[in-house]
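You will see chain A twice below: alongside chain B first, and alongside chain C after that.
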Partner chain A sequence: MPVNILCCVKRVPMTGGRIVLTTDEQAIETRHLGFTISPHEECGVEEAVRLVEQHGGSSTVLTLGPAEAEEQLRDAMALGIDRAILLLADEEFDGQATARAIVEAIEAERAAGTEYDLIFFGNESADAGNYQVGIRVAHALGRPCATGLKGVAVADKSVRCEQEVPGGRDVYTLPLPAVVAVKEGLNLPRYPSVPGRMRAKRKPLETRTPARAGAGLEKVRLVVPESQGKQAQILGRGPEAGPAVVEILRQAGIL
Partner chain B sequence: MSVLVLVEHAAGGPDDVSRQALTLARGYAEAAGGPVEAVLIGADAAAAAAGLGDLGVATAHVAVHDGLAAYAPQAWGRTLAELIERLAPAAVIAPGSERATEAMAHAAAIADLPLAANCIEAAPGDPATVTRLRWGGSLLEQARLHGAVKLLTVAPHAVEVQPAAAPGQATVSEFTPALHDADVVARVSERTHTDTGGGVSLADAKAVVTGGRGVGSAEGFAPIQALAAALGGAVGCSRAVTIAGWRPHTDQVGQTGTKIAPEIYIPCGVSGATQHMAGCKGAKRILAINTDPDAPIVANADYAVIGDLHEVVPAITAEIAKARGG
Partner chain C sequence: MSTLPGRARAVVIGAGIVGNSVAYHLHEQGWSDLVLIDKGPFPNPGGSTGHASNFIFPVDHSKEMTALTADSVRQYKELGVFTRSGGIEVARTEERMQELARRMSSALAWGVDGVSLVTPAQIKAMVPFLDESILVGGFHTEGVGVVDSLRAGTLMRERAQAAGALTIQANTEVLGIDVEHGVVRRVRTTRGDIEAEIVIIASGVWSPRLARMAGASIPLTPAVHQMIDVGPVPRFATAKSHIEYPIVRDMDTNMYERQDGAGLEIGSYAHRPILHDPEEIPSVEEAALSPTEFPFTQADFELQMEHALELCPEIVGDESVGVKYAINGLLSLTPDGMPVLGETPEVKNLWSVAAVWVKEGPGVGKSVAEWMVHGESEIDLHSSDVARFWEHQKTRAHVRARAAEGFNKTYGIVHPGEQWASNRDVRLAPFHSRQAELGAAFFEAAGWERPQWYESNAGLVEEYGDRVNRREAEWDARWWSPIVNAEHLAMRDRAGMVDLSAFTIFDIAGPGALRAVQKVAMREMDVAVGRVVYTPVLSPGGGFKADLTIMRLGDEFFRVVTGGAHGPADRKWFSDRLPDDGSAQLTDVTSGWTTLGLWGPRARDIVGALTRADVSHEGFRFGTCRTVEMDTLRVLASRISYVGDLGWELYVPIEEGRRLWDMVFEEGRPHGLVPVGIGVYGTTGRLEKCYRAYGFELESEYNVVEAGMAWGKVKDSDFVGRDAHVRQRGEEPAAILCTLTVDDHTSKGGVKRYMLGREPILGRDGSRLVDRKGRGSYVTSAGAGPSLGKHILMAYLPPEQAVAGERLLVEYLGERYPVTVAVADATPVFDPENTRIRS
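For the complex of A and B:
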């Protein structure tokens, strides 16, 4: 059975070793940073491409973000996603508003004849970590949802979902259509090929501008936590540091 | 108005993260001038419910229903949403465990209320004010939380558990939530067990030795494994290593990997990206081994050895053997 899949991803900065904020404390200073999506979402994209390779069907990637988020959509298409939807928003939406905008886009797709069997979310977004957008979308569409997944297999109009728990995995079997929120470790995403990147440039990208709703969770300011800023005590250079390290291990009660 | 706390229980008592959530909730309820109530799920919750007076709970609601026998996230959410409507609490506060977080997101979706995940501070008001974790704890956000009922989860291990100043006896009240068929479509139907090979798990290890991109190859992990074994600890890795395919993702420490809290953490050839540090903030001591004295990991460690890990790590393992022999 062919499957129609939608993947939701969020553009976030690659912060490196230290976070610097803009002077108004509303955002991360990104002038010198590259951008990416969460590793959880990367695994969702990879899984969608594999499922379509395996079962046939088609895949779509969607993001709500600034015009520059086209970069993340093209990246996903370079890995094999067929088409993209960009919901333009200059500012971050909270979880409720994000879900609402995504649901409206899915309903517009349905009106245009595209129905999704499976919708992939990351377990949580890399930056906001609201842990809710996928679940809210599932409720609005009246579909079952499982989260924290490290295994997703489609068979006979259902999806078998494996969730990592201490000591093992819990299994859920959901009838399609369904919503899944996945975690890194689900698979090992491929690297984009050069032809894949070339093809991605020509794949269709549709842009919409959702209405901005008021925020129920309203950001006041960001704060960088007090840096541990310990500046390490240097125990030595090279192998000569061995005895000093053993002394620290003794103090830690390990030896 | 009351503050309702979702309490997860194990072995007849609330688990650690639920005790942390109860501690934060008590402060919130005192400031709001109302009692703390609890909700527990499952027929086996009664024993845990009765003991909650020590943590300041006045009434403990125990939800009992066949549909709650196997874990079903939406059924938990429905149960919370029903209590939200019946009790009209000022706030619902849950621990930031995976299940409680998931249940709160379902409740928020059903009740159409905002939800603030992973709070470390919260003060009542309209709106309430919260401080919450972003980026797995590498960044904090101060926010206003709106809604007729304030829904929030408490970041694990961010609040120190305090007993109630005036412990009392909790009244236990059983109820049967009205679940819909759709609420139990997603439910755990089976559990598979993972064979850990008898080794110490990354999350519980007292010592963790992690290799980063600086290790250079899958084979390069042999000395890292030897040092971890000498310490009776576990091997970790960075995401650069996972995506290179040198180690499985189950070894990854960080925001999208495992969060660890060992006595000593030894990252070797790891630069110390914020997303990596988000996974090892709980370590008592960090001892970094890196060729670059200016790597961020050095600024975030207690101790450092500057040098090539391929020389330093075997030298430490040999020194341990010598110390043990002598």
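For the complex of A and C:
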């Protein structure tokens, strides 16, 4: 059975080193930073591409963000997503408003004849980490939803979801259409090929400007939590460190 | 936390390939108490070395750059970090093939072996993943290789450490550089202060910021070089080493492709120039990757992907090959494309070793260490001297404008006469509007706009008919006009006036003035007031540091006149050697005086009509200067000549310049006076007279005897380079500067071709001529000699070939042309008795 998949992603700063806030503490200082999507969402994009490769159908990537977020949409299309929807938002939307805008977009798609069997979200965004947009969207659409997934398989108009829990995995089977929120580790995302990148330039991208619903959540300010800092254990110096290194490699299964 | 020494002989800031190399070579030259610090961690502190593509192509059109690269390769090999891969510069166009033929000539001129032009099929055989059908050919260099620059830096650092000469400290940021009375005193860091005799900024893209801490200037800008790595490449899966295929430079698209282990690295100089400021570079902690690996901007790379796909479809078109790494890597660009080396003119003992790439890093390190320790380096570094910049050339706007313009020429076909388009009209002569009215073709010299020729003289081309040589080939005629040759003939027949505003002029005055100029000038300066002396200025080793004229305007007052481009470095050279007791002062009056040259058989008639002063041959001798009244102006007239005709340089305050121009122009009209461009002054006029030019014939790698300028006795008083000069006078010269003429210009295709300079001179059997010091013979200057009706070349030849009448070859764009040595000394080929000058 072909599947029609929508994959929702968020443009976030590509942090690597120490995170610095803007002076008003309302945002991350991005002067030196590139942008990406969260590792969870990268896995969602990869899974969507694989499912369509496997079952046929089509895939759409959607984001809500500034015009520059086109970059993340093209990145996803370079990996094999077929088309993109950009919900243009120059100001920040909270989780509630974001969910509302996505729901409206999905309903508009349905009115235009496009029905999504499966909607992917990352489990939480890499910057705000509110853990709620996917659930809100599922609720508003009246669809079943599973979160924290590290396994997704589609068969017979249902989706088998594996959720990582302490000590093992819980398995849920949801009827389609459904909403899933996935986590890093679901798969190993591919790198974009150059032909993929070139095709992505020509794939359709539709831009809409949603109205922002009144904020339910208010951001007061951001705080950078104290990090643990780097830790290193000195195994020994010179040749006498040898046995300890061998032991670690053995534990890691390399030897 | 470890501590730093409280004092040091020299502190090197920056532990990339450059800083490590400088520290190591200072130790090799005998220095100790050296300290090397970096704000990042070792071995990769996060500068440009850490993300460099690390490949080296040894052939460059610049002799200086080729020599530095060759020495670097030698050092990398000695350190065991060089892997030879070979490299091919591929051509997609016929125009590029001509450029590659020119590269062949440069390789021959500078002595790089193992180069050949190759066919598309030969390229395919060496690099099977290329689509050779889009190529016209290529330039293969066997000696291309890849180095491990971080490892090289580590090894050099460790050698100096092991010898006890060097202390190193990572994660140490410079907070300030203290200067007292114009001399650098200490470096303040996050780990304490270090009192230092010498501070060396080898901080790559951060260098301008560090220089500013000391009130000095290092004119470079961080700029983006985009690079991606794609893989895993199936063809490379079985690769046994990180580089097994020749590196490919796709010259026409400003890109390169190279195997790197299982991946293919694709780099570009084709995108829009993306310039940053040093202040915009994040700290090591804040950076997502390293501080100099900026986020990749995909939009700037779209066209490059298509170009890479065209050339390497097998790899780049493979859906299974992914883009695994992509960065906007920062590197240093300068306004003229050359490094920034040497002691800063603003602060004593503060040195810059910046804008140096991996391919020349160790060579630069060695050369700068020699310069620091011995006062000069074996390789002449004048094109890279930090003291070469005029004030306007140090501005952020200028640096960025020129760096942006130069960036896309990284693999470009750059004509030797090519002019910059950006930031022009900065320094204008007072005659500028008059010149513009006359249709001057303005070329730039040190920011000055100088007429190269005047379209108003187009009629002279007809007037002189067949005596004016035309150039058939577009390349030869680019940035050139036959009007130059017509202006030349008019000057020789009648008179020409030349804008010499670009001269650098500085006065040396005070009780110690004579001592000051005696110390620097090779020729006797204790001459009568009113004498003008043309003199070499020597390096400690007896090579050329400059050649210039000095007027004695008073007992304690000398005026030095030198070229525009090298003026600031000359000024620093004099300034550094003023008496310590303050008894002589140097004042730059470049912007105070303007100069108009007037030469030709009618020059005396014109000057005579403008002044009541005695300008007869006896009344105003050659080599003298004097202030004369011309109408309402008082003009300093100096009777010398760089074009070999009777005449004067006329100096007036700059605001009176236009009045002088108008007076001379009007008075000269009945005498047939024409305005004459620098094409005559700098090339045709001087070459017919075999006059040497600094930066062409005259360099520190050649001495006065070899240049044929050791006439007269050595003056008694001491001067820089005297011992070496005396010794060189007693030796057989290893090479002799000769003037040659071209016997036949006809190419195989039947087109007459005209050499432009820097071509190799070969024996009649095609063998490379190399003197006993290992220096190859090449054309130092080339140009027309319209009065002779011959194309003139100058070249240093080994003594066996330096014989008038000797028949040799010159290689130009892949073909060889017969030439003959016209004179084997400084005797002019035109008017050998100098009767015109002395008439």
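Simple rule for what comes next: the second predicted complex is superposed on the first by the 224 of 255 C-alpha atoms of A that agree within 3 Å, B and C clash if a C-alpha of one lies under 4 Å from a C-alpha of the other, contacts with A are read in each partner's own complex, and residues count from 1 in each chain.
By definition in this document, a residue touches a chain if its C-beta (ideal position, glycine included) is under 8 Å from a C-beta of that chain, and two chains touch if they have at least 3 such contacts.
Here the structure is a predicted model, which is why all the values come from computation and not from measurement.
Asker: Which partner does A:157 reach: the first (chain B), the second (chain C), both, or neither?
Answerer: neither
Asker: Based on the superposed arrangement, let me know which partner A:222 touches: chain B (first), chain C (second), both, or neither?
Answerer: First partner only, chain B.
Asker: Could you figure out whether chain B or chain C reaches more residues of chain A?
Answerer: Result: the larger residue contact count on chain A belongs to B.
Asker: Quick check on the superposed pair: does A:212 touch chain B, chain C, both, or neither? Answer first, second, both or neither.
Answerer: neither
Asker: Which partner does A:110 reach: the first (chain B), the second (chain C), both, or neither?
Answerer: After superposing on A, A:110 lies clear of both chain B and chain C.
Asker: Report for A:172: first if it touches chain B alone, second if chain C alone, otherwise both or neither.
Answerer: In the superposition, A:172 contacts chain B only.
Asker: Return first, second, both or neither, reflecting whether A:16 touches chain B, chain C, both chains, or no partner chain.
Answerer: Once the two structures are laid over each other on A, A:16 reaches both partners.
Asker: Which partner does A:195 reach: the first (chain B), the second (chain C), both, or neither?
Answerer: Second partner only, chain C.
Asker: So chain A touches chain B in one structure and chain C in the other; where do those two contact lists coincide?
Answerer: Shared contact residues on chain A (touching chain B in one complex, chain C in the other): 15-18.
Asker: Which stretch or stretches of chain C touch chain A in the complex?
Answerer: Within the complex, chain C touches chain A at residues 230, 280-289, 294-296, 298-299, 302, 305-306, 308-309, 316-324.
Asker: Would you tell me which residues of chain A are touching chain C in their complex?
Answerer: It comes out as residues 14-18, 20, 31-35, 71, 74-75, 190-198, 201.
Asker: In their shared complex, at which residues does chain B touch chain A?
Answerer: Result: residues 71, 73-74, 98, 101-102, 105-106, 108-110, 112-118, 127, 129, 131, 133-147, 153, 182, 185-194, 196, 203, 206-207, 231-233, 239, 242-243, 245, 248-250, 252, 255-257, 263-264, 271-275, 284-288, 293, 295-308, 311-312, 314-316, 318-320, 323-324 of chain B touch chain A.
Asker: Quick one: in the complex, what on chain A touches chain B?
Answerer: Against chain B, the touching part of chain A is residues 15-19, 28, 38-40, 94-96, 99, 124, 126-132, 135-136, 138-140, 142, 144-148, 162-163, 165-175, 183-185, 188-189, 215-225, 228-246, 248-249, 252-255.
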